[in-house]
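Everything below concerns the one structure shown next.
In this document, chain identifiers A, B, C and D correspond to the written order of the chains, with residue numbering beginning at 1 in each.
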Amino acid sequence: MTFTLLARCPKSGQIGIGIATYSICVGLYCNGLRGNVGATMSQAFVNQGNNALALRLLEQGLAPARVLDELIANDPDSAYRQIAVIDRRGEAVAVSGAKTRGWSGHRIGAGYVAMGNVLAGPKVVEAMAEAYEAAADLAFERRLLAAIEAGRDAGGQAGNEGPLAERSAAVVVCGHHDHAELDLRVDLHDKAVDALRSAFEEYEPYRDYYRERGRNPRQAIPQYQFAENLRRRRREAAQ
Amino acid sequence: MTYTILGRCARTGRLGIGIATFSITVGRYCYGVKAMTGVTVSQAFAHERNNQLALRLLAQGFSAGAVLQRLMGNDRHASYRQIGVIDRDGTAVAYSGPGTRGWSGHVVGENHVAFGNGLVGPEVAEAIAAGFLAEPAADLEHRLLCAIEAGRDAGGQGTRDRHKPERSAALRVYSHHPYADIDLRVDLHATAVEELRRVWTEYKKYETYYRDRERNPKGAIGQEAFMATLRAAEA
Amino acid sequence: MTYSIIGRCARTGRLGLGITTFSLAVGGRCEGVAANVGICKTQAFPNRTNDPLAIGLLAQGHLPVRVMAMLAANDSEHDYRQIAIMDREGRIAAHTGSGTRGWSGHRIDGDCVAFGNGLVGPQVLAGLIAGFSARPDEALEHRLMRALEGGRDAGGQGDATGHRPERSAAIKVVDRVDYPEIDVRVDVHATAVEELRRVLEEFKAYEEFYRQRGRDPARAIPQDLFAKQLEARRAGRPS
Amino acid sequence: MTFSIIARCPDTGRLGLGIATFSIGVGGRCEGVLAGVGICKTQAFTNRGNDPLAIELLRQGFGPAEVLRQLATNDPDHAYRQIGILDRDGNGVAHTGSGTRPWSGHKVGEGYVAFGNVLAGPQVIEAIARGFMADQQAPLELRLLAALEGGRDAGGQVGAHGRLPERSAAIRVVADPDYPEADVRVDLHDEAVAELRRVLEEFKRYETFYRERGLDPSTAITQDEFVARLEGRT
């Protein structure tokens, strides 16, 4: 019961994931991104070894389709997994295992995969894909967030007794560093996607402040002062 | 004509091998164990490249089952091998090829593989597995040694009417380091398992002393002085 | 109180370590032997992280003398260590710390380095080197065995209070494949060097049988039959 | 304005990090944790290159003290960093740069390092250590949480205008190099440490179910059914 947008930004070469699910703490499973290598996500019944193995195989130069074959051959329960793999050139493949819970499926686009399981229906995956493509002029992380919000608005997840709330969500973007460019999560919340959006909008202006503070500590102003200035600017902008 | 126990401690993730055989210097086959990766042995007609290949595949994250398939697919004489593999999740698999000699087979369970060939019968493999499982809370090295002794006591190698002695044995355990925590061997001896127990008993007395003198050489007493304390304690 | 030799066979490029000591099971502490890379052995008060670290640095292409400097920087107790390093071209670096006990020192001589501590004197190093150089045409493992016997016969370990017996010993030789060609050991024995000679000779008698058996199992005779034939051959020939 | 603890569980060999701060999204900046190798966390005025570099050096076998020296020579602004390093055996070192904002300091204990800056005072670090050592039989993630709660209750962070709330917090525990055992975060909350307790305790109720259904999916019940059982609805 998860819906995910895994993608490579054609402009920046960055790779990223937007994800939301009824499960809690989904962020811990988003360890399938590495700059200059590629992006992968194994969901539905999670095989926690898949992401690390897929990244190592991508790093050795295997094509995404070959990596997917290896993940399946390495896993007696592969029918229970839903997996997407994208390499550093943006070539994307995906599989929705026969035994993943309905509605379960994926759509592969140019440099991205929209996929999910235990969904209200195929329209959730369509909505994610269309929202991601429609937001082509936005910053990459905003495209991922827009896609997840579209999935939520198109009905999100549905269990045996009706709709299931998203209880955790995450957006992660990797570029050319050893560390993520953005790694934001909501681990436990009744409306995780809404909480992720508000966390993102609050966090966004801090990103440059944190980067500068590390690079140039001598001139860095204390953070509470920065927070104070930010609140004042927002109050003035609101009037 | 070898019997072996591969084991993993579920609590600490430590990995180890216990092995005894009619062949000599069997310890040199036991390099198929690596911290945070897995443990494997290819025996009967040993394929010497198998261990390192298996460790590399395990290090990439392949599961024990997939590694075993890859080893067999990579070997024209696969039917002559007997292979055990445990990955770092504790999944254990084994294969006893039809080309192996005498009674040849394995008992596989969570975190352990008991297997051998040229044995007097299946009771040896079962005794090894039972020996390993007897004290689940004990240190891995203790469990592995007890497993090998259980295999010996259940009849070990040869046929019912003609027993073959163990002429070499070994015990290796890894935790987190690129070197072994325990690495003991008997390369050539008429009763190798008894000798391994003797070496083990003697070595355990020194284990803490050796580790401390590395960490704190300034404060370390000489080895003879340490042995004097041992003798005093035993007197 | 240990005496060791690292040697290289100029003819085949094989590298090997011969070691014996009053301590127990020394062979289990010789992981610093890597085919196509080199050998590092830290003794006296060994620092177990030294040898794997040195092998890693040699593999990256650092020269032995540079590796030695990095081991020194990484170890507050460097003065208590005795270390010898040889790379695959036979370049050597050695260090005998001021904190090592009894007579201790090292001597580099062409394709080998002899080093020891707690010895009866420098003549033990001379014995090691003489043994290693006596038969340059022999296989490296035999030259290393002769070296240990040379060290033993020159007096081995001991001090004013008397001689110390060798209680464990080992020989390890690597060629091109990534497992040792020769790996024989004595872990607990009253006369470890003599015992190592016995184990080495027995192994050399089995070596080809074991290699063939692995390569072409279909044609391999049972080992007990081989053992009987070996005894018969030996009985036929006056020892 | 962060207080952290990095530690090793002597029983299982697992490594873990606990962190809480006025900054937001701190959990996303804790990549320096690797099973079987060690932990490095750089905070105060952080240098994002430090942690991955330190992990590589630990992996090669350099000791924590030498790793810290190499980080120092690699960073002109080393005086503005606060760094805690722990190796796979639980040997720790710490550096509190002269350029970090007071009160800042650290305590290297047996198998852990507690460190923080812009704190109420040294008592916060003592309380973190006490919290961690209070119940040495508990699982590592709960000991790390108790340490963070100790730091918060001893006064936590204080800026020029008084107490600063913890706005994000995280706990990460690893046993396998490929994936975390526990990895819970609060990226934006007014009482991040209290929220982290809520999230971690909820996660502990799901932990076995999530692991089992990954390992043996064919026998796994659906999550909605599992939640129904948790809430006693069946």
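By definition in this document, a residue touches a chain if its C-beta (ideal position, glycine included) is under 8 Å from a C-beta of that chain, and two chains touch if they have at least 3 such contacts.
Quantities reported herein were computed from a predicted structural model and do not represent experimental measurements.
Counting hops only between chains that touch, chain A reaches chain B in a minimum of 1. Chain pair with the larger contact count among C-D and B-C is B-C, by C-beta pairs in contact.
Between chain C and chain D, the centres computed from C-alpha atoms are 44 Å apart. Rounded to a whole number, the gap between the C-alpha centres of chain A and chain D is 23 angstrom. Look at where the CA atoms of chain A average out and do the same for chain C: the two points lie 54 Å apart.
Shown for chain C are the residues in touch with two or more other chains, namely 49, 52. In chain D, 61, 177-178 are the positions where the chain touches two or more neighbouring chains simultaneously.
Within chain A, contacts with two or more other chains are made by residues 49, 52-53.
Chain contact topology: the protein chains form a pattern that is neither a line, a ring, a star nor a complete graph. Contact between chains, as defined at the top, is found for A-B, A-D, B-C, B-D, C-D. Put simply, chain C touches chain D in their complex at residues 49-50, 52-53, 56-57, 73-76. Residues 11-13, 35-36, 61, 88-89, 175-178, 215 of chain D touch chain B in their complex. On chain B, the positions that touch chain C within their shared complex are 1, 22-25, 27-28, 31, 44-49, 51-52, 77, 80, 99, 101, 164, 172, 177-180, 182-188, 198-199, 202-203, 206, 210, 213-214, 216-218, 220, 222-224.
Chain A makes touch with chain D in their complex at residues 1, 22-25, 27-29, 31, 45-49, 51-53, 77, 80, 99, 101, 159-161, 164, 172, 177-180, 182-188, 198-199, 202-203, 206, 210, 213-214, 217-218, 220, 222-224.
Contact residues of chain D toward chain C in the complex are 60-63, 65-66, 69.
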